[in-house]
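Each chain carries a letter (A, B, C, D, E, F and G) given by its place in the written order, and its residues are counted from 1.
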């Protein structure tokens, strides 16, 4: 990830698998397709994980930025 | 969904069935008719699901954006 | 409801009975008289429902937008 | 209350007794003296009610808008 | 308090004893020295009360506006 | 503290020991080095207190403004 | 850390190990690579700690600013 600005760093993660931790305790793992300045995010091939276990596959997902704690490349 | 910007991706989901996960734990499934930059959303033929079971049908629904966790096409 | 923009859809519901689901778990049913971009809403002939039962009639009500989950015409 | 815009409706309630429902579950009943676009409100001759019972009289009260669920004329 | 605008009303309470109810359930009683449009407030000779009992004296206090439910002159 | 504006009052507390009460119930005591309009704060020689007892020393701390309830000089 | 403005202080912590306390009770320790005015932060070589114990290593992490309580250099 590019260290200059946080959004540059997200840009470097495009098209890679990332893990999103959400404020409701769930985790989403998917391919980062897009994001905006509110940290709204679109993932492809998304999996929902709870307590580290795959719970279900949900395909494409638009995630509202204010529900996200952190994003980390896998 | 279009990968360039998150809202483009929502635009590609117009007139398709989508699932909304809300912060209160409920799920809405409906046909995405419109949205705005706050992610306020209008659904047609909306069903409310709790724990994966259909709870009731509520027809047209305006959903305030700040209650939404994620939107995923069905 | 008009599908182009979410607020157009609310406009189509003016002077009709609508149900508001609030973040505190209560429901208000009333005649939609006005709203603004914050989704502040004024209802006439408002009834408060809890768990689907009429709890009390409260006449005219100004409802602050940030307490609303969804609005659906009855 | 004036149906055109929500704040016009509040304007019609000036100098009348109104009930405020707050997010902390309490209710304030007082004479609406002023409000602004944030729905900050000043009440005169204010009574605090909990579960429908008068708890105490608090005279003049400035109430921060983001704590208010709804305002209804008495 | 001046009825025209809520902040005018706060201005009339300058240099008087006021009670602040906070979202965490505590109450502060102090002399209102200043405030701004966010309802950030500075109190002098501040006392913290819990359940109506004096808990401690904290002198001068800067209180962030978004933690305040209401302000009432004593 | 200067009574004219709340931020002037914080300015008078620069380089003095202050106590921060946080929304999570913890208290930080440190030397106020800087702040901004969001009430983001930097403290030096910071101590974390819980229920009035020193829990640990954390040196320099940047504290995000929206987590702060109040700031009071010691 | 530079005492003039809080963000200057964060700038002085670039490329150093910092601890982030999050609103969900977790702690992240990593090398501060970038931040912005929302206090969105990118860390390298990030470790997640719970109750002072290393829980897992998560490499690079983009952390949304509104989840952060405080940032302290290690």
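One rule holds for everything that comes next: a residue touches a chain if its C-beta (ideal position, glycine included) is under 8 Å from a C-beta of that chain, and two chains touch if they have at least 3 such contacts.
A quick note: this is a predicted structure, and the numbers were derived from the prediction, not measured.
S.K.: What shortest step count links chain A and chain G in the network of chain contacts?
M.R.: 1
S.K.: Give, as an integer number of Å, the spacing between the C-alpha centres of chain C and chain B.
M.R.: Roughly 19 Å separates the two chain centres.
S.K.: Please compute the C-alpha centroid of chain C, do the same for chain E, then give the distance between them in whole Å.
M.R.: Inter-chain centre distance comes to 33 Å.
S.K.: How far is the middle of chain D from the middle of chain G, if each middle is the mean of its Cα atoms, in Å?
M.R.: Averaging C-alpha atoms per chain gives centres 42 Å apart.
S.K.: Residues of chain B touching 2+ other chains?
M.R.: Answer for chain B, listing residues that touch two or more other chains: 66.
S.K.: Record each chain of the ring in the order reached, setting off from chain A and passing chain B first.
M.R.: Here the ring, read from chain A toward chain B, comes out as A, B, C, D, E, F, G.
S.K.: Touching residues of chain E toward chain D in the complex: what are they?
M.R.: It is residues 1-10, 13, 19, 23, 39, 65-66, 68-73 of chain E that touch chain D.
S.K.: Where on chain G does chain A make contact in their complex?
M.R.: Those in contact with chain A are residues 22, 24, 28, 33-36, 40-42, 44, 46, 58-64, 66-67.
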